[in-house]
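Listed after this line are the structures, all set down as structure tokens.
Both complexes below contain chain A, partnered by chain B and then by chain C.
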Partner chain A sequence: MNLKIRTYCNIENGVVTLNGENLDGFESNQNDLLKDLYVHLKVDYPKFYKMDNLSKLGLLGVELLKSVSTSLAQMGEDDLGIVLQTKYGCLETDINHQARVDEKSPSPAIFVYTLSNIVIGEISIKNKWFGESILFIEEPRKLDNLIRHATGLILNNKAKTCLIGCLDSYQNQHSLKMAIIETGNDGPAFSLENLADIFDKK
Partner chain B sequence: MVYIGAENIISPLGDSAEANFEALAQYKTGLKLVENAGNRNEALYISIMNDLEGFGIVKQTVNSIKASLQSIEFDQLKSERTILILSTTKGEIELLRNEESEAAALGKFKDQIVQHFPWISETLLISNACISGVLAIATAHDLIHSGQADHVIVAGADMLSEFTLAGFQSFFAISDEPCKPFDKNRKGINLGEGAASLILSRSKSIFKSQCFKSLGGSSANDANHISGPSRTGEGLYRTIKKTLLRANIKPEEIDFLSAHGTGTAYNDEMESIAFDRIGLVSTPLHSLKGSLGHTFGAAGVIEAAICLQSMRNNTMIASAGFEKQGTSRSINVLQKTEQKELNTILKTASGFGGCNASIIFQK
Partner chain C sequence: MEELVSNLKSQIIECLNLEDVKPEDIGTSDPLFGDGLGLDSIDALELIVLLDQEYGIAVADPEKGKEIFESVESLANYITANRA
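Presenting the complex of A and B:
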């Protein structure tokens, strides 16, 4: 099977790149990176402001990919498999929730984000994607995990296309690597070497 | 073919799958009223291992895995192509209270488990809310089916914590009495804790006693709401449909359905709608939450282990707390533990983030 990396994006140290190129005309004070990117991409999705940073980051990664990927914009409801991994998961929200618990005033609006897979839920809701999805707690360097599971989903006919990514939002550091994997002839082969290469491009 | 067996459960009802199965068959419950359990010191029904010493989630997870390993030919399993998959929502979350925030990260929980099994070359941790356990088993199946692993150990665990209790209290989702999944008078969930493990393999011969076939599973998202179940049971309907299709099984071939059944009004209603849409309304089903509470990342593995025990014993466990039909679609919730030849069982789960998963086991 000819699996290719079709579209990819990176967010690292406040720099946003799409298919290896700096995002046109985007500048941000790093502290407001997520909000600035939301405005830049003209997302218009008020629920965004209620989300925790991990969900905001994941949702924006998908919006970045959609801005150049026609296949993602026209994806069939059950056709996309989502495989994400995160090192810290929702730890930032966990800390916020624990502080509220200690004050005897827990908030359901915070508590609901104390599950690391909520980012997949937010992406699925925004895009009306009903397909397979899975979230691993994993170091970002373990790209072989993404390759194994995305390849498995496509080989086992569980998904036609896969959205893969590593993301973390912790202590105001946002880091995201995301890519679309499809069968076809265009784009670099979906190999560990190529994936490491595109995700390391600044 | 993918085989499954060697199940273990550690819960307030015992430290083996057999002990848990027998206790459940005799209508015993892990739920008890514990004083000062809530965030504002309310007494709450919870399924708790030991209220003085705490659960010791790392130790219990390790114990559960070791118990499962006792049931297999270890020399055959010990291989570079053996993977361990952990399933948990919050791991050792109580460490957050001591302001050791990074120690409470799930990766640290994984590191601690891994230390006990240096011969395992790869360990994955799946954290997908309440479907974690079922998704871990489905993923284990796929890894073996696609030739990426020979054997997979799946272990699920979650502990009771003020963190989770207070969170669900803030949602007003906790019942003030033992929970009543699918019942007319259900009021919400009870929380529980536990650990469970089982083993999947491409080789039948590694199992010391009877093993079963895993026919694989799938997942689907509601694409609707992060904390409210879909009104059409969309994701649950879609995952069951996919799982049946992939396994080439018709709804009427399912002898028994191990449902998720949390005991909240909306979740149980959603499940009844999905089961109706698939054609599973007459299939006998239960939820174990009325006996063991909701154990989150452990739940799917505990309930799957009970499915295997049910096939071993040809016995369906009653759905504790159920008295009167309480969903818009009439479903066949078991009020009594019954004997029945069980060949094919469907296990489902649904969770926050709109996620749903299902898997089929066969004798």
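Presenting the complex of A and C:
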């Protein structure tokens, strides 16, 4: 099967790129990056403001990809597999939750994000995608895990397309690499070498 | 009562992270859930915490929650009636 990397985006050190190019007309500093990107992409989803930063970051990565991927924008609800990796997961929310417990009493709105794979849940709810998904919490990053699982989902007809990526948000440092994997002839082959090249492109 | 209503609107916005919503956007008798501000079940829990921490009032009977949190007006009435 001819699997290709069709569309990809990166957010690193305050710089946002889409298919290797800086996002047109977007400027921000690291402190306001998530809100600025939400406004720039004209996403209308008030729940965004209630999410933890990891979920905001994941949701914005998907919105970036959707802005250029017609297949993603028109995806059937069971057709997309999601395979993501994170180093910190919801650590920041865990710390915030503990601080609230120590300070006065727990906040239900913070507590609900003390689970790392909520980021996939928020992406799925926003886009009405209900296919297979998995989140790896690991360090160091293992791109071969992403490749193996995404390939398996498509080869076993569990998904027609896969959203893969690595994302972390901790102490206002946001890092995201995301790509859409599909069968076809266009785009780089879905290989470890190509994925590392795309994800780590400066 | 007017001051309490005004404070409640600001506290709801801050507590629930209602970005882009101003106190004047919230009608005093508008429903908070459903078609009104569109709050959800987690927001309801946050409002219970708000009531406890800011006004020292515990909602002892969960069955009354729907009535208490129907609007800012009903919330203000409940606080006025139960505040020490």
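Everything below uses one rule, namely that the second predicted complex is superposed on the first by the 199 of 202 C-alpha atoms of A that agree within 3 Å, B and C clash if a C-alpha of one lies under 4 Å from a C-alpha of the other, contacts with A are read in each partner's own complex, and residues count from 1 in each chain.
Here, a contact is a pair of C-beta atoms (placed from the backbone, for glycine too) under 8 Å apart; a residue touches a chain by one contact, two chains touch by 3 or more.
These figures come from a predicted structure and were not determined experimentally.
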item	value
Touching partner for A:Pro108 - first (chain B), second (chain C), both, neither	both
Greater residue coverage of chain A in the superposed arrangement, chain B or chain C	B
Touched partner set for A:Arg148, first chain B, second chain C, both or neither	first
Partner chain in contact with A:Tyr49 - chain B first, chain C second, else both or neither	second
Partner chain in contact with A:Ile134 - chain B first, chain C second, else both or neither	first
Common ground on chain A, meaning residues reached by chain C in one complex and by chain B in the other	104, 107-108, 112
Sites on chain A touched by chain C in the complex	46, 49-50, 104-105, 107-109, 112
Chain A contact footprint on chain C (complex, rising order)	16-20, 38, 42-43, 45-46, 49, 52-53
Chain B contact footprint on chain A (complex, rising order)	77-78, 87-89, 91, 94-95, 97-98, 100-102, 104, 106-108, 111-112, 114-118, 120-122, 124-125, 127-139, 145, 148-149, 152, 155-156, 158
Chain B residues within the chain A interface of the complex	39-40, 89-90, 93, 96-97, 101-102, 104-107, 110, 124-129, 135, 139, 142-143, 145-146, 148, 162-163, 166-171, 218-227, 234-235, 238, 242, 351-355
